[in-house]
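A, B, C, D, E and F are the chain letters, set down in written order, and residue numbers restart from 1 in every chain.
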Amino acid sequence: MASVKLIEDGEASAEVRAVYEDIRATRKTDYVNNFWRALANHPPTLRRTWQSVKDVMAPGALDMLTKEMIYLAISASNGCKYCIASHTAGARKAGMTDEMLGELMAVVGMANETNGLADGYQIEIDDAFKEKR
Amino acid sequence: MASVKLIEDGEASAEVRAVYEDIRATRKTDYVNNFWRALANHPPTLRRTWQSVKDVMAPGALDMLTKEMIYLAISASNGCKYCIASHTAGARKAGMTDEMLGELMAVVGMANETNGLADGYQIEIDDAFKEKR
Amino acid sequence: MASVKLIEDGEASAEVRAVYEDIRATRKTDYVNNFWRALANHPPTLRRTWQSVKDVMAPGALDMLTKEMIYLAISASNGCKYCIASHTAGARKAGMTDEMLGELMAVVGMANETNGLADGYQIEIDDAFKEKR
Amino acid sequence: MASVKLIEDGEASAEVRAVYEDIRATRKTDYVNNFWRALANHPPTLRRTWQSVKDVMAPGALDMLTKEMIYLAISASNGCKYCIASHTAGARKAGMTDEMLGELMAVVGMANETNGLADGYQIEIDDAFKEKR
Amino acid sequence: MASVKLIEDGEASAEVRAVYEDIRATRKTDYVNNFWRALANHPPTLRRTWQSVKDVMAPGALDMLTKEMIYLAISASNGCKYCIASHTAGARKAGMTDEMLGELMAVVGMANETNGLADGYQIEIDDAFKEKR
Amino acid sequence: MASVKLIEDGEASAEVRAVYEDIRATRKTDYVNNFWRALANHPPTLRRTWQSVKDVMAPGALDMLTKEMIYLAISASNGCKYCIASHTAGARKAGMTDEMLGELMAVVGMANETNGLADGYQIEIDDAFKEKR
């Protein structure tokens, strides 16, 4: 029912197969999920998006668990079912416990609530929060 | 220009003053920011929202820095200027470095990009991501 | 700083002036606000949007106060500053008290919070909520 | 397929059962819907969210029907399927007729349309809408 | 499972049938899709919405393909499944190729990413982008 | 008031300066706008985002005007002021007339309206719109 077909390995061009192989090598799994198989219908988008996700999600000043939880938080707030499902799995794999998920969702809920209140009341930003840069 | 006036200490009811004092004690600062002074126009909302924020943002399975960064991530994604300003300040106070902010925003951007792609292509959830519970 | 200039009465075409006059007659005020003066750059959009707003916001099964509050609720949730400002004014004119505004914003905040939780946890719809129609 | 299991009465802790009982008593029904059974995986979120919803949705300056309709309006605008289903049911129970639902959705649609136009044209707020407070 | 029943031709009032006939004549197809059959529960919304869609989507300064792609872009960004499905079909019918869909989705993704970055960093608008009008 | 300082040419690292030069060469202008100067605080995000925007916005199956208009449409719908301002400028430079802007905004408004209606009524997708792929 997707807008595009999911490109199987057998029908993938060399360019697409190279990305699939990099996904497999990077994630140390043979499984290439539907998201990438859908993007493969437009190889430049597949290649660019995979490279970006690979770069952005690599551990740096923030560890992988924190990054996966932020990704999940945004996906939950946006209501993107596919991304919620895949990044719940990703965050759990990176070590998210049920307790962490509970606190994460509580923060997401609270942020969405207070965002609406701050916007709705048109509250002006305190001078104390204006960064002097 | 806010929809409601900001309630100063001198004009606050006893109920509102009690919340202001709890904010000061919890945060170890004399400063009560505009958000709470605006909510004070509806004391039940002030009391309930403060109690919720206090509970949700206390360190638990997730530390305060992680919670503040998730709060900031949602606020950035929602485009809520007040919340972005106040939680950028909050996250910095909890230890967020420029490098962490850079990575945080990169994850927020990437999540918003891929959420749109997953929804736009109507990609079906992999069985592997369906939790068996 | 708007993307388009605000069309004053003196420079308006006959088509645009006719809409301005209908706005004045319907609202019983001489004031035509910036929203309509901006839309006037594209007369078909001005005419169509005004006619739609006029029809939708007329009292029917829901009274004007309820309609203005729903309009304000959506605008607050979307963070549309212009619409928040104009529909806060509109709702107050239709009778919204400070207490009603307080409760309205509390519901908006709560709905945004629980929307995030329901999506984030991917909660399935109860059979009891599936309408048999 | 939810991210968390739905906690049945038999497996609920005393703390969770107490919330379930309060839901039943408040709503005068034996039915506890999936939303609460999912939140029960994180008892502090269950307790806090239920208490908040109970407080916010109680009749006050706004009656229950108006509150349920505002809740439904936000949920429709956010596209939260679970909340749309549960609050369509809630609003109908509180007295929403088909005609009211029709007008409610028309206002939601119109607000979303004009929010986009006001933001898109970067329309400046009229002085007349700036509250002097 | 919809909130309202889908109104079949046989049970439609004369007013509703007239809109159905105009949809058929305008689109040169006998098929009236579920969206209109749902709106038909509130005939004023059906009539007004159809007339607006008919006017807005007619070729003008922008051709139909461009309009359908913009419609699809917004629907993908909002995550509205029904609208994504119907406007993917509409855009394809108007000539959208797989390559165009790929580029369209890439732009949608990029816009959503940079919107979050611009908001998240609270970047001020360059004077060069402030229109002098 | 931005969360980060805007990096001037004189204080930019070699890596950042190289991106600035590529922006200038690609766009055939000496002007580097604030968005890039803000991202420059996190050079990997600057480099990756610029490369992506450069690739995605290059003419392909869709011409630059169409791409800029889709970018503007998403930014208007999201209410991102910075992106609306910069992509209104970008689209005008690529040839967007006032009439095109008027029709573009009309489509954005209409899409946001009907997205809310389709979600709000929980309308099921027609079999005719389910792609067989």
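Just so it is clear, a contact is a pair of C-beta atoms (placed from the backbone, for glycine too) under 8 Å apart; a residue touches a chain by one contact, two chains touch by 3 or more.
None of the values given here were measured: they were computed from a predicted structure.
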{"item": "Each chain counted as touching subunit D and subunit F at once", "value": "A, B, C, E"}
{"item": "Subunit C and subunit A - chains in contact with each", "value": "B, D, E, F"}
{"item": "Interface numbering overlap (same over half, different under half) for subunit C and subunit F", "value": "different"}
{"item": "Subunit B and subunit D, separation of their C-alpha mean positions in angstrom", "value": "20"}
{"item": "Centroid spacing, where centroids are CA-atom means, of subunit B and subunit E in whole angstrom", "value": "33"}
{"item": "Multi-chain contact sites of subunit C, meaning residues that touch two or more partners", "value": "1-4, 44-45, 48-49, 52, 56, 77-81, 84-85, 88, 99, 102-103, 105-106, 108-110, 112-115, 117, 119-122, 125, 130-131"}
{"item": "Pairwise touch network: line, ring, star, complete, or other", "value": "complete"}
{"item": "Residues on subunit A engaged by subunit F in the complex (per definition of touch)", "value": "1-5, 44, 48, 52, 55-56, 125, 130-131, 133"}
{"item": "Partner subunit E, residues of subunit B touching it in the complex", "value": "72, 76-77, 79, 81, 84-85, 88, 105, 108-110, 112-117, 119-122"}
{"item": "Residue numbers on subunit A that touch subunit B, as the complex places them", "value": "1-4, 31, 33-35, 38-39, 45, 49, 52-53, 56-57, 60-62, 66-67, 69-71, 73-75, 77-78, 80-83, 85-89, 97, 99-100, 102-104, 106-115, 117-126, 128-131"}
{"item": "Subunit B residues touching subunit C - in the complex, by the definition given at the top", "value": "3-4, 41-42, 44-45, 48-49, 78-80"}
{"item": "Subunit F partner contacts - residues on subunit B that touch it in the complex", "value": "79, 84, 88, 98-99, 101-103, 105-106, 109"}
